[in-house]
Amino acid sequence: MKEEILNRCGNSTDIIIRTINLKNNVIDCIYSETLSSSSAITNYVLKPISELIIENKNIASTTIINLIKNLLTGSSINELKSIDEAIKNIFLGYTIIIINNKNILSIETKASLDRGINSSSIEVSITGPKDSFTENFNTNLGLIRKRIRNNNLFVKSITLGNESHTKIGICYINGIAEKSLIKKVMEKIIKINNDIIIDGGYITEELSKSTFLPQVNQTERPDLASFALLEGKVCIIVDNSPTVLIIPTFFIDFFHTPDDYYQKNINTTFTRILRFLAFLIAIFLPGYYISVTSFNPTAIPTNLLLNLIEQHTIVPFPAFFEILIMIIAFEILRESDIRIPNKVGSSVSILGGLILGDAAVSAGIISPIMIIVVAISSISALVFSYNSIVNLIRYYRYLILILGMLLGIYGLFIGFGILVINIASTTSFGFPYTYPFVPFIKTDILDSFIKVKSRQNKRNPLLTKNRNR
Amino acid sequence: MNKEKYTSLEIGILIFFLLNSFTSTITIQLFKNTNTISVILTILLAFVLGLIFMKIIVKLFSDDYLKNLSNIKILNNIIKILLLIGSLGISIYVLLNLSLIIKNVLLTNMSIQVIQLTFLILSTLLAIKGIKSITIAANIMFIVYFIFLIINFSFNLLNVNPINLLPINTSIENVNFFQVFLLTVAPVFMILIIPKKEIIDFNDCKKKSYIFFVLFYIYMIIKILFIISILGDKYYSIVAYPEIEVLKIINIFNFFERLEEILIINIFIENLIVLSLALNYSKEIIKANFNIDNKIYILIDIIVFFSVIKLDIITNFYFYIILTIFIIANILTYKKNKS
Amino acid sequence: MKKIYLIILIIFLTGCTNYNDISNIAVVSSIGISVNGNNYNVYVKVLSSNQENEENIYIKTCTTIDECFNNLSTELMKRLYLTHMDLLILSNNLVKDNYNQIFNFFLNEKSSRGSFTTIIVEHIDNKILETNTTDIKNMLSLSLSTNGITTDITLTDIIKDILNYKISYVPFIKTQNTINVKGYKTIYDENKILTNEESLAINIIKNNIKTFQITIDKNVYKLEQCYTINKVHNDNIEINFYCKYYGNNKSDKNNIENYLTKIITSFTQNNKNNYFEYLLYKYGRNNNIKYNVNINIDYKPNIGGEIFE
């Protein structure tokens, strides 16, 4: 039997077999060196069996299985029927005990391969809780359960991925989340037929194929996930993924920060308006600059116009290519800054930001105002930590830049029209993306771009409306 | 919450945009060479007449508006053709007027066909997404529209000179209330494309429709008198676009001047919503007869675009006939509901 | 995907031909127009972006204003851009027909906005053109708050005035030795240079004045928070002028009242009264004009002091 197991695992070196000979019985312990904890094996498996050896009794082969079952101190012990099951258990970190080549027992000896709970690195909060999700499914679920100690927090788990067998958990609060939403999410997730699912991003991509706007939100903060659950949303925990997916997501959600609920309303309102302004600046500023310099210089003050003309005449490129060069240079800088190890990071920013920018201006290749425009626009985009909205901003920035180059301010209007059309025609799992503006929900407008008063309960009236009826 | 359901506020805002579709382009031209009393009288008469027709519109709402237009089969096809003429006529004139304004204010050196084509394609993009998307877009844009409207009014308040609104006891002249009525109410008939069953609370919707109808006429009176009081009736008559002339005066804190190029976005928004709705309406009518999907937009766009090229005047007699035909054709569909 | 098609389509359609870089425009800051026989002399001051040569003044002579601008544009090899224009200088010798041409030019020129200050000078020379436009604007607003004789009036205002009552009051500036304001000049139906008193009177009548000071017998009186209400009754126009006088002597009040009444009555008797006809028309009256001038000065004791002889 053990030879068969070894063969099917390709005689991998990390599969260890320890054979113990009792007087008339043979016990084989099989485990994966990498997935199991050796101390757990020593304590829960080998120590109890070694007691049998010390006693040195004759034990009938029929009774030995019950004896060993009673002796083992592990928390979960199962009796397995087939070799297939045994192999599956080995790779889950269990230790398999084969007694006399006949009976198979499995005992849990998982080793912890995860990092501990660290503080969140992307969605940083000043005053709020610091913990973040890890790559472990159970830890992640535990972090949510820690916040919602309620028997109504239901978790349905599915295994997805034909090759990777990734565990996926769909969490919702029974009694708050709408049944049709849960049904819809389940249907869509079951349909996913990928071979491998390594991260939550795979599922996000499958769920929001149709439009460019992000329909699924990802968070690494357990507190935000719990908030979402209490609102009536559904959370999806993917094993080995440090982010939890939140469904459905509205446009307004991208303007909310983790800190919003931990500080005074007036401060929250200020930061939210600031973020919305940053969103508009990030998208429209380069396009507006282009349209001003090439079609409609009317709206800028006279002195500024003269300043622009003076700066513009020295530069050998047309304004459009100038701004394109700068934006692409900045994108490269940003990308290299993300990928580069921390120790070299500061030198990149010095080289790219200070030296290149300054040298380009003094060499007369780029006008200083152009660097200001691109810098303001790019910094405004950095306000957003969600990668999907950063991509959205980037896409629209280029679109509006081209339209502004071709049609001036009228091109900006067209770009604005396309943005609104895109938002208006998007739905997130059947819910309008523009909540709470359309459909207009009076109570929730006070917690949208502004925050005047906190909601009495965290329930989202849109998501829970039909259920209450 | 189903995606396809409409709340009454959404319908109300859509009605506001439809009423507003020709205000800043054609209607405002009608009040040249007139006086305050005539303006008020014209709009009031148009309001009274419009109110009667609003009642008809509310009654005309049905679940299968386009599928079964009339009980008489021969009439059915005729009505369809008339409705198509009406909606295409509205799209053509919306496109023409907007492109003229954009050309005059923003792109003086650009050929007008480029402006028309880009705007037509943008409206088609919205129209393809369906009537619900148009409604949501109208609602989002209404927020922008409202903010810019507040800016326009508040920063122009200091320029108001009430003497321009005098004299009061003069002869009433140039009262073309029927034209105003046609220009405001006729496009509203396009709202009937929304099936009655998909409106969440129809009684509330009725109420909201009337509220927005009244609000619109108040808004129109205020707007026109506001412009006259700033420019004076004679200057109002000699400039091409009085509304833009008012925007030119705006001066925020002595620094933000010459803002008309940005504030003109309101006219852009008004026309975008109406044009995409008219295109969608035309498509639905054609679709009711032939089972063609979104590809029909290419045909509609070609018809609209080439008709616009042929036209060169802002408003003419035939346009009012088209609007009248559109209203009559719509009223003809009423018989079916009665029986 | 559709959006990409849209963009490609626009690129093919526009071909970037209308791309109009700002380095190819000449920003005009002020324009001067004078007439010489049948020809117009057009002076254009173009703002320069370079620090060394601050401004460039160009002069063209031709039969129509449009022609002058086209010639100048080709000479400069740049498009003349009038949106940022601040000042229009008209010469003293223009007549009604010239004004019609000028107004038509500015109403039809697409880059013009009509929101620039307009002045009349005796004859246009480099001195007035070289003066900074904001300085001239400041001078006009200062002269309103000190002497109360001129206002900063834009071309649109002038066109409105002419449309309404065929006369407009434009600031008149002398440039012989120094540049200084000399009250108003009436244009269009009547071409006349007004005196300081007449200019003050028209400003009072048209409710342009908020703060000003007057000199009577070498005494200077400061008046503040002034406003005018013109009332039209059946047979007369009532001009009510209200002001606050901060002074040391209550008897000065009558002095000021008498003086202001005198200048306003003399103005109404000696000048063409198109503005009042317009007012009467607006209030729907057709009677002969009679005037009733009420000056109400409110005395407030001054906190400062005064040396008595």
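Order as written gives the chain letters A, B and C; numbering starts at 1 within each chain.
Here is the rule we use: a contact is a pair of C-beta atoms (placed from the backbone, for glycine too) under 8 Å apart; a residue touches a chain by one contact, two chains touch by 3 or more.
Everything quoted here is computed from the prediction, not taken from an experiment.
Engineer: Based on which chains are in contact, what kind of graph results: line, ring, star, complete or other?
Structural biologist: Shape of the chain contacts: complete, all pairs touching.
Engineer: Looking only at C-beta pair counts, which chain-chain interface has the most contacts?
Structural biologist: Answer by contact count: the chains A-B.
Engineer: Express in whole angstrom the distance between the two chain centres, defined as the mean CA positions of chain A and chain C.
Structural biologist: 65
Engineer: How many Å are there between the centre of chain B and the centre of chain C, using C-alpha atoms for each centre?
Structural biologist: Chain centres of chain B and chain C, defined by C-alpha means, are spaced 40 Å apart.
Engineer: Where the centres are mean C-alpha positions, what is the separation of chain A from chain B, in Å?
Structural biologist: 45
Engineer: For chain C, which residues are shared contacts with two or more other chains?
Structural biologist: Touching at least two other chains: 3, 10, 14, 18, 20, 83-84.
Engineer: List, in ascending order, every residue of chain B touching at least 2 other chains.
Structural biologist: Those would be 107, 110, 114, 118, 122, 125, 257-258.
Engineer: So which stretches of chain A touch two or more other chains?
Structural biologist: Expected reply: 295, 298, 407, 418.
Engineer: Touching residues of chain C toward chain A in the complex: what are they?
Structural biologist: Its residues touching chain A are 3, 7, 10-11, 14, 16, 18-23, 25, 27, 29, 47-50, 81, 83-84, 86.
Engineer: Looking at the complex, which residues from chain A come into contact with chain C?
Structural biologist: Touching chain C: residues 292-295, 297-298, 302, 305-310, 312-313, 318-319, 399, 402-403, 405-407, 418 of chain A.
Engineer: Please output the residues of chain A touching chain B within their complex, sorted ascending.
Structural biologist: 295-296, 298-299, 301, 407-410, 413-414, 416-418, 420-421, 423-425, 427, 430-432, 434, 437-440, 462-463, 465-466
Engineer: Which chain B residues qualify as touching chain C in the complex?
Structural biologist: Listed in rising order, the residues are 104, 107-110, 113-114, 117-118, 121-122, 125, 163, 166-170, 231-232, 234-235, 238-239, 248-249, 257-258.
Engineer: Once bound in the complex, which stretches of chain B touch chain A?
Structural biologist: The touching residues are 1-3, 7, 9-10, 102, 106-107, 110, 114-115, 118-119, 122, 125-126, 129-130, 133-137, 139-141, 143, 255-262, 265, 268, 272.
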